[in-house]
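There's a structure below that I have some questions on.
Chain naming follows the written order as A, B, C and D, and within any one chain the residues start at number 1.
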């Protein structure tokens, strides 16, 4: 089968590798689509940020968001059938930028595609990570909220928070195109981080802020705007100046989330993402900018 | 002003009483509409269930769900203006089946009626009670759920749970008209309590059951269907046979809720109901069966 | 090796069976002591309550609380050493009324016996079950509490709740000897269920009630006394008359707990029981009434 | 009556002021003792940190931890009697460094002094603040914990966490006298922040860290040591370099607490502190270094 291989930073090729076979409890999946996250995947592609990477990377890496069709079942598999469309994450098997992958049957979630297109199920892993963070922080039902940073994770957060019953969502982001996209995804208002509205938010406060960029200014703003909860979803390596007195002044609780491998994680979050997708409560197609075959 | 008075069980009349005046911190509200709950209100009307009631009831009683327009402000009021439409509950002032009522300004929630009709804000108190129960039980985001009993409270629960991101909602109810209504309100499936599907639910279990009828069979079914949480929202007076071993067998947590006066209660829940109504996430008009002038 | 076998209800003998050998990831444990719970174990002994039991029972059954010394390690074991004293439950291997048992290494907890006797670690499984229930219900730190039923589980609950920082503990129990024992275990007050003090408790309420007997009257009293949380730890099979209106009137949350196999369960609770035992915060020796060799 | 007045930074005198009289719902308290916190009080004394202070301060200020005897009751008071010893905070009345103060009756907690000395109830307000923070963070029952910084707040945290059932407590502090004191208060181990043991803690992690100094190094260490929860109780004004990637790497939740005025606050926490004191579960006498008459 063919697989994508990053041979050195900023350079990849398609290579021929043996097609895997499912062992006991595993299934063989023919990939429909895999998507590219702009955190982990772009670091691998650019060769930045992970000192421990050795190039060429293994074929298929780092693919960890995807969807495919079950084409073969190993012994003892009884929860999925040949022909089922399943959503995949990086857990329970090899990386996803390949024609075929194997997975443990309990590491996938069936997607019922009566009303939705299978290919847009590829980025549901990112939704699952956002869902894990939101559930860890107690949910957003009825909350007045801010999403700071409206890249892919921020747009996903807007969609998920809308589906989870947030009462009001304000998006903050310098890029006007992304702000426009956030309105499409369900934000009620969007502002540039240097607008007077953001100063007002800092003075008046909201109860829930989801930080989705990892940018130091966005992290600092999030702590200043919240009067209760902050989720630090964006990732920033290295120290940044933080006023820890805000924890006392704003009575804060600040949540991190190790995505699907942490305390609030697990396949249950992908199950929820798939359920929301199949009923049309979230729309991953809004995140797709390019298609590569 | 005129007010409705229940003079004896099953008999009411319109009486003339002095129009109240707002004291310090209070507002005077001209009622747009008040609604009738089928628990507390019908007991007062029928003279059943409350041994302590003395007829004739005070004018306006029991009205505890309503909406009106602010027409006068007492001293020191600064959060609402004359002309504001506000949602009302039984808290913070006299009963609502009257032309005018006073309320403390912090006991009402402003309704912005740009996109919605003010009159349908009347039953938002019931929504607030359901919201209080759902928040007390940890929310339903991503949960596979059952609503048992599809009278007004059950239909409200279906709408609220849909708005709060429930992954799947099954309604159980003997009355076919109510089952049909539940589908309109957002239920995914509806069944008669004696259907084989309900037996299947008992065997397979779901994580969250909202009991909204108070009927002994519905209460017992709810404990048998859940494998995690049950909310007992329906009210039944007197003892009924219950198998408490289900708490162990199904690892249950069973929540009661004292509506807006309990631990998870308060005006915050009405604020959430109003926010959801104003954005169209819930639809009280689906509950309205009759209009009385 | 020798093992105890219940050959028919109320009759047991010591039988000779092959000594087990540890597989990969397992350890062989020579038992120091196993204890007898008065729920599961006495049902097996009396032949009552479990319609599915077939006599003679397998040798060693139903032993599920015990302590022993590691005498051999299977391949790949690296968390425990030969000579370690370990606490055992029914999970991860065969029953415990035998000279030797095997267990997965991650199903045991090491007991450091510098200050405590190893044999009293046998009933720590029961403590772990109580700890699981108390943690599931949010803990008792600072709470004014009642323990209803002061058999072994109730006495364990008194000790654990004292160790967990309960502000006040009232025990309720008809048997005067058990009431005396509860005072020794850390209860502040103890009453007969028919005393006027218990009527006062029903009127005034406390925030947390731990029901530890399974007796219908104790279950009903628990629901009447609590104004917030009830843990139903005691087990009663069959329906009993319950007033579900108390959930509304007392704003209740009522928790069940599937012991170590449920949602709040797992080996972590045994780890906590062992930690508390080793520091002298709980005292299982108070539960020991007879020794059988 | 006499009151203490800080007339300028580092200078105080005793002044004569009118004795207050209790209004409706209030009581008059003759002070037994008031204590001095080393955060708020020392800032007022030194004239540092609060730009808004104007000297001379009002008589009695900043006293916000104390105990006294009820000597008179205003109209409508029915929860406390003349002669009751009551614990006081800064809430519900004037500052406490005075011979007499008035308080609303629901802002005090009765201290039953059968087994304990009334004077040591003075610092219970600090215990209440620590208790509020620990409850907000979900409690410490069964947790392996670290307290970083062993000044008064840290020693109080050690005592409270021991009373709340922490499984293991490690104290970290540069001052050897304070480390010794922490062992007396119930810590299991104590280390200098630069010891190899602290490096080991960073590598291996614990589930709960209580930061009680506000020192930047202690804050940073706390985030590095925890693998689940951190309470930021210590207060540091101004920005410090923080590695926010630790939230992801260590799956952190970091709690601040606005003491008794915040979300987890209120008089309930003082009630718990008094209950623990009266049963001997905490020992404020260990914090007293000087007595001033």
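To be clear about the criterion, a contact is a pair of C-beta atoms (placed from the backbone, for glycine too) under 8 Å apart; a residue touches a chain by one contact, two chains touch by 3 or more.
Small disclaimer: the values here were computed from a predicted structure and weren't measured.
Trainee: Walk from chain A over to chain C along touching chains and report the minimum step count.
Mentor: Counted as steps through touching chains, the separation is 2.
Trainee: What's the overlap between the neighbours of chain A and those of chain D?
Mentor: Common contact partners of chain A and chain D, which must touch each of the two, are absent.
Trainee: Over half of interface residue numbers shared between chain B and chain C means same, under half means different, so which is it?
Mentor: same
Trainee: Could you please state the distance in Å, as a whole number, between where the Cα atoms of chain C are centred and where those of chain D are centred?
Mentor: Inter-chain centre distance comes to 37 Å.
Trainee: What whole-Å value do you get for the distance between chain B and chain C if each is reduced to the mean of its CA atoms?
Mentor: So the centroids are 42 Å from each other.
Trainee: Any idea how many Å lie between the Cα centroids of chain B and chain D?
Mentor: 42
Trainee: Would you mind listing the residues of chain C that make contact with two or more other chains?
Mentor: In chain C, nothing touches at least two other chains.
Trainee: Help me check something: in the complex, which residues belonging to chain B touch chain C?
Mentor: Residues of chain B touching chain C: 136, 214, 219, 228, 232, 235-259, 262-263.
Trainee: Hey, which residues of chain C end up touching chain D in the complex?
Mentor: 131, 134-135, 138-139, 141-142, 163-165, 167-168, 188, 268-269, 271-272, 275-276, 279, 281
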